[in-house]
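Each in structure tokens, the structures are laid out below.
Shared between the two complexes below is chain A, which has chain B as its partner in the first and chain C in the second.
Our next item is the complex of A and B:
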């Protein structure tokens, strides 16, 4: 660091007074120093995420089963073609996309309902909000277990107790409706997530406009659909993007509730099975790469509009 | 709306009371599984695993005792170690990065930010195999510190984005004044910026802690016994035989409690962390 940087105002727009070369030198040291601030985080992430990801791509092009460690060779796209022909991949992509789509949609709808209900003032609102966010905070593994045994179980589950009390047939949730079982638990966990995001949106609404609409005689419903919903659009988009990206990777409820049976074998679970039970590293890596491709597809669909929002909120 | 003022008012207040009632019913239904979990944890096993639910009973700590007998303290200890170290790593690395991306100027801020956001969106499934193989080769599988480091990387993008949103709120005049006074960069961060964004740092740390504490996938695959954390320990209940709802509920309550308390305490900042700072 030269003395120039400390004695002169180092802000880029303020250096007009100094000479052109000085200006350039100040700028350059500034930029390098700032890059230095950024570097540790970037290097750390490259080491632990980017390089492993490239290695996964490498693995996916290799014939490599841990049962036969010596029989390891370059395999080209064999792992991908066998993934397509073995009939594992498409059902898994289907399961991943369906579980994500259902859970995110339901969570947004319930989240919207609760956000609207908890936005209006009433007694004990703070307590109601606190109770509502709990399902999202609870350890996901614990949530799945609690649902599996104390809610869905055919003997001791509360849902079936309610069904019996109402003289309805008992349902073996995780075997009869595996997809619904997973979606219910995920919806339960992610409704608070959506609610929090939408609640922030509702609180950011211009109250004056709402009052004006009421005075003009627009009913509650019309005010909601014409003014509130368009205002919430950005928040819904953020919720959908973040929720989708997280649920696309979903593993915990599958491993605990259904073990991938009945059309619920998501890509993450399939990879787990292939790698850690089947010990087929090459094949599993191919599933890992497919997961990334799927995430990228979903994210780019949602991201285009959302990224603008992120940036708009974040530039000085 | 027609009619006289008083009937309108009583009509709207009746409607308000009804909405409040419906709200509470829905909230309580939604919260019920958590309530039921806590309740079952204090029941003797025979009552917890009975076909007809019991709401009134004499609470016992049998379930908690049994959970501890299964060695839960050790798993909690591992979870705490992993979550705390991961939080320290991500906060320490995120402060300078967020500072550079908000108050200082870097070329191509957008590129750096999208680098972080795309890393956040990278599925863990895409990186777990090489990490497993490398740790296995160098004998660091089932090592809690390695798990903590991976969690640190997992949380770093969120922490950077979230802190940046707090840093952007620091009034520019304050930083400018510090610079005119000739404060060096390190002093500028530690003395002037950090105290102003301390609530943001705390919130980011809390979010980071929550994610690491709750993580199941990597914990299941990268640990086996010595470094096993609480989520895979809970997951092992799936293979249980006989009646175990009371002990499971007690164990789940203990496991969930730290994060529930942390989350309740950080309620106001939660949405900001979850949306990576996009929503305040």
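Our next item is the complex of A and C:
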């Protein structure tokens, strides 16, 4: 859309400018004017994002442990060597990927279910919607604490109360199923987020098409799988992308529920441990840089190949 | 307070935050306290403290001090434990002089004293007979002494004790001796354990100040320790294996069901709710179990921390006031520190705030005050008894190269303890073997120990 509007005036210039040099000159001034307007924003962006990143790279090349404040020196790539060889990085990447994948998938599935349900008119729909959104509005730390005490706890938690009532054995969630514990909390938190995006998608659907499908004799299931789902694809992709970006950085449920045990030590938690328990600024910065590089690689591949939304000439 | 050791530091993007911390610390370099005090008139003392109850009471009472010392203003900066440690370390290490008085744990005192960051308080305190430095509990004095110099004075101290529900024990016909062994406690726990009530509650939350506070004392009484006297790590020894597998067996047979979720606060709740019959933890817990709103008030019995090979195995922790060498108002700071840790201050808290709020575990004479004896009769005698009988110079069977009980006073210990706690937690949750956990922990501990070999 934007590309077509910006090329239009230059096409007009094309007509007016007589010689090739003229044309190039006009294009160049035009280009610089456009750039000049963008410049303040670009400078701001660079100041805000690149300088901290460069500082982090600087830190990552320093031997700097807060425990030994007077022992600061240039360390070369020592921090990277120790980060890559300590054996903490790979399990951490694994934990991050698994937690993100499970949570996002489950949140999309539940979000889709609730979005479809809430798309139908019924009495008290507005109230139901507000209630459904609440988990997303609760602070992550508060949500984790709520789950820790009122849901998972072996003595006073509701889940175990249900199990006990059904004469099933009590489940020690954080000890026995740390991964599931974290995924459950995250799914609970992010289902409303997915639901909101998918609901917007459902409401933007042309009802005429649905009626036509009905007239043609397609049942509810076929209408859903052949018409609604393809229509929702873009919304699901956006939901998955945004959800993954947020959940990749997850910290609170791990700090509160599992403390990184049982394969739940995500990159964010690992960084926190290196920086605030190991107090090793250099090594933590090295982990941070490695994380950023890996994320950029994965994101580039994912955006270019998986997500249709970002592909030129996608279906919509 | 040790119980809050692993309080949450909330926030993602740790590197970004690390840089903020760094930025703060370098910012602190410029903000010295400048001209105040030089004129001999108005003096402003800056105090960094931790946000526990006793410290907040001190902030409430500072006006009394200001009234008695005209011209002196005391400013408190109250922080959460983790923040305090970071802020004060950065300030003191860089010699910025932002604080005149800092609150530090027993874990830091010897390290900072050795680094030359703290003012030696011995001459000032010994020359003042009304201060009565010998009244400070000897073990607490020991942990704050390095090279025969007292670098910090205890404001609040605690040990660990065994707490049990007398009614439950009586019903099961179990008697807990005053100095029980771990085996006796494990047997008793097994006997009183039911589906509804755990026999014993012990910390299992991974963290150097959570799981490893009690577990280190268990290891030490079983004959093990983190390091020998020449800083060789001794984690992969039979003593460690015996102690850790004992801890797990006890938890499996009669402990709380979800140990990874349980630390001080969770066990406190379990005891109060009648969901656990016994608990071995910080002595300060007793005052909470005996609080007016506690359902188990008056029903609890208290005993020494259970032992195996040693005579005592209570831990020792204290919050202390110290003066950084970078202060520009040393005399005024010393005066305030003396006031805040004096006998009179304890009486002041008792009369102005309440006798049960008196900072415990710092002075022997506190335990002679009739009002305090009355307010804390259930737990004061045993606290004093345990606190004066533990030996921080050698808590275990073998001599050790540092002074302190449930920690090793080297800077790396937080990290070592934390990583090992996670390994042990995997063993507690049946995700790994004990040999695997201890051998990994051994190499982590050895890497840290190597830096301290002489």
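Remarks
The rule we apply is simple: the second predicted complex is superposed on the first by the 246 of 316 C-alpha atoms of A that agree within 3 Å, B and C clash if a C-alpha of one lies under 4 Å from a C-alpha of the other, contacts with A are read in each partner's own complex, and residues count from 1 in each chain.
Operating definition for what follows: a residue touches a chain if its C-beta (ideal position, glycine included) is under 8 Å from a C-beta of that chain, and two chains touch if they have at least 3 such contacts.
Everything quoted here is computed from the prediction, not taken from an experiment.
By the touch criterion stated above, A:45 is placed in contact with chain B alone, chain C being left untouched.
By the touch criterion defined above, A:268 lies against chain B and chain C together after alignment on the C-alpha atoms of chain A.
When the shared chain is aligned, chain C comes close enough to touch A:152, but chain B does not. Of the two partner chains, chain B is the only one that A:142 touches; chain C does not reach it. In the overlay built on the shared chain, the residue A:67 is in contact with chain C alone; chain B does not reach it. In the superposition on chain A, A:85 makes contact with neither chain B nor chain C.
Shared-chain residue A:21: touches no atom of chain B or chain C. By the touch criterion defined above, A:122 lies against chain B but remains apart from chain C after alignment on the C-alpha atoms of chain A. Using the contact criterion defined above for the overlaid structures, shared-chain residue A:176 touches chain C, although it does not reach chain B. Once the two structures are superposed, chain B and chain C can be ranked by residues of chain A touched, with B on top.
Within chain A, the residues touched by chain B in the first complex and by chain C in the second are 52, 55-56, 59, 141, 148, 155-156, 249, 251-252, 255-256, 268, 271-272, 275-276, 281, 284-285, 287-288. Listing the residues of chain B that touch chain A in their complex gives 16, 19-20, 22-24, 26-28, 30-34, 36-37, 40, 48-53, 89, 93-94, 96-97, 99-102, 104-107, 109-110, 112-117, 119, 121-133, 149-150, 152-153, 156-157, 160, 164-165, 168, 172, 176, 179-180, 182, 184-185, 210, 213-214, 216-217, 220-221, 230-232, 234-235, 237-238, 245, 248-249, 251-252, 255-256, 259-260, 262-264, 267, 270-271, 274-280.
Interface residues of chain A, counted against chain C in their complex, comprise 52, 55-56, 59, 65-70, 141, 148, 152-156, 170, 172-176, 178, 249-252, 255-262, 265, 268, 271-281, 284-285, 287-288. Contacts from chain A toward chain B in the complex involve residues 6-7, 9-12, 30-31, 33-35, 37-38, 40-42, 44-45, 47-53, 55-56, 59, 113-114, 117-118, 120, 122-124, 128-143, 145-151, 155-156, 158, 161, 188, 191, 193, 196-197, 199-201, 235, 238, 242, 245, 248-249, 251-252, 255-256, 267-268, 271-272, 275-276, 281, 284-285, 287-289, 291-292, 295, 299, 307, 309-311, 313-316.
Every residue of chain C that touches chain A in the complex is listed here, in rising order: 6, 8-19, 21-22, 82, 86, 89-90, 93-94, 204-208, 256-261, 270, 273, 275, 411-412, 414-415, 418, 422, 425-426, 428-429, 431.
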